[in-house]
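Chain naming follows the written order as A, B, C and D, and within any one chain the residues start at number 1.
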């Protein structure tokens, strides 16, 4: 299968973004799938233009976008993207949207159509802490997830797409005394298994990563 | 205006549910609005039947459902309900759905159409810690929020509806050494101002409660 | 019995300090004990001078100092004060000690000799979330706890003394989206029962508030 | 210099203890110091007997004990051990002490005499998240730290000794959805630099890892 996997450039106070650092280290020769790696700008709308061009160029079967979620402990596979931009800090072009719709004609949200539970299962099985997240936030990560799933729903329903958030890497966490981190090689390995599972599973498996509220 | 506000019965290991304890203590005489209070069962689908009957009986202008989110520090006004049930513990009838769609013909999610930022602003102004949440979870709370917004979209678009999660009350937190709590009277007061703001604001205000991921 | 209970003035970015707000609201007429309330400056060494003068003036049987621990969820009764000042922010006189010994001739630490487990038990019993803490930090709170216990060991071994940290109150937490808080009246009630238990229990009870590391 | 570094065997629900897993992977050939590695039982008092025998056998200049602190995000160098056992779960021999003094004739606590700030500085400099902790808990880890420092004070004041807590490793965190972890190789590398700094620095450096309460 053809896979497109993207990370992001650094933003905010961070000089590195582990999402793209990990994406570019994925071992291509180990997979039987054809994997394209790319970096997206942390800029509302511009990120989606770049993503859409990549999809049209590479015609992937699977698209996995990856972004940084500083403070999280696990790789988190996102369940849903929502149709709103609500930023606490400016993006890399200075945009600071508050409660703006992403696609005026779009639905309020779209679920990822990746086999997210199967992916989490396979990633945990090899010892990479992974769970499901029910919110990708309201910044550029969610923007990209929403925009990806909108594109899939409207134009390419055969593509399987979704989003994975990654923690800080250890060097970032030295500056944040209470922040979790994950070694870059473990993030890379988690993403490699995420790709394999996304390609292999025709249907998702039913294991609870549910909540109690 | 006519307001319907609901809480939930206890569930799981808790003998009390602060959501309904708070809802029933709301001071009706202090509001110029007509407020109906009710308790929903913590049972998938059954909770929605009860809610729909209440809406049809009371014909409210505003519907606010309230539920417990043990561990949260603030009153949290939910932004969105998603079309999935994914339970970690059984509901009060023993149902344990995993990744089941709530309404097969429904959208993946619906935003609350309450003025959530204005509500949070007014509640914080009187000293009740309140913020916006981007996930209501995947248990009965989200189920009710999703089902409420589905109903509004399909049948009664003039109703304004949404959901507020409340923390444990202090007596519950004595059993959970690291869990935050909020005094019941503060929860009640927060809900009273939530109702007022939900009725008064014709449009939401734009203040960021956004994320950085 | 004669009880001295102290709070602190505000410091850092906070305009209020719930410790003294609570201490001054303690209902004196409800207790059969004679209770003196006082406010300590958030200044290294100066705080201890004020405390020692109060002890010499009032000749208390029990001394409980109270301070703010922003972010904690429970009232926390401190087990031990340690002989070091290590500040992250200046005190109210601009002092910023790093790794300075408090009393050069003192031991490395002194345990509180209050019946801390019995106090926590009684406070939880009335529904005020309370636990034991094994660190009072390294700022003015720990400084005062250490200095108090040094004084007791050296000069007045019949005094029972210790320290209780209190969370933010709700109005403070409106500014900190992830911070727990506790209603001021609940803090006051917790302190009232803390005083009673500190006076009544001749010996502490043995219930575990232990750790697993 | 001669260094003794110890880890612990597994305990509680965990089948592995990253402390000894890391200790035994330390690269001995890379250091100019003579390093002895050992594993301590998670048994009150028995752990200290084993440690004291090791000290008498190896006559080390530096002793660093290492233990697991599940849930912490960083390597944490402990500042102080306190003279109390207060267990929440039984040790590996079934002992469950509550509020028992470790050494009846000992002081309430002893500070580590390692250059803890210098160690943290060097470990962070190479990108391994490290901070100072003001509590080693009240379980076997604190027991060993206290017992070690008691021994040093009473019998061998020239030994430099202390304790480092390590997070879960990733494979453990797959079972704990909100728990941080650190890759074993990063723990090992952190400990290697901890040993070097402990041996090289004659005096500690003064950088704040202080608190604000």
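In the analysis below, a residue touches a chain if its C-beta (ideal position, glycine included) is under 8 Å from a C-beta of that chain, and two chains touch if they have at least 3 such contacts.
Remember, predicted model here, so these are calculated numbers, not experimental data.
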Among the other chains, which touch chain C and chain D together?
-> none
Looking at chain B with chain C, do both copies bring the same residues to the contact (over half shared) or different ones?
-> same
Degree value of the rotation bringing chain A onto chain B, based on Cα positions, nearest 5 | 180
Most distant chain from chain B, judged by the mean position of its C-alpha atoms = D
For chain A paired with chain B, centre-to-centre distance based on mean C-alpha positions, whole Å | 29
Here the gap between chain B and chain D, centre to centre from mean Cα coordinates and rounded to Å, is 46
For chain B paired with chain C, centre-to-centre distance based on mean C-alpha positions, whole Å = 37
Residues of chain C touching at least two other chains = 209
Chains touch one another in the pairs A-B, A-D, B-C, C-D
Complex contact set, residues of chain D against chain A | 73-74, 124, 127-131, 170-171, 173-174, 177-183, 185-186, 209
Residue set of chain C touching chain D in the complex reads 12, 67-70, 79-80, 82-89, 96, 98-99, 107-111, 117, 134-139, 141-142, 165, 204, 206-213
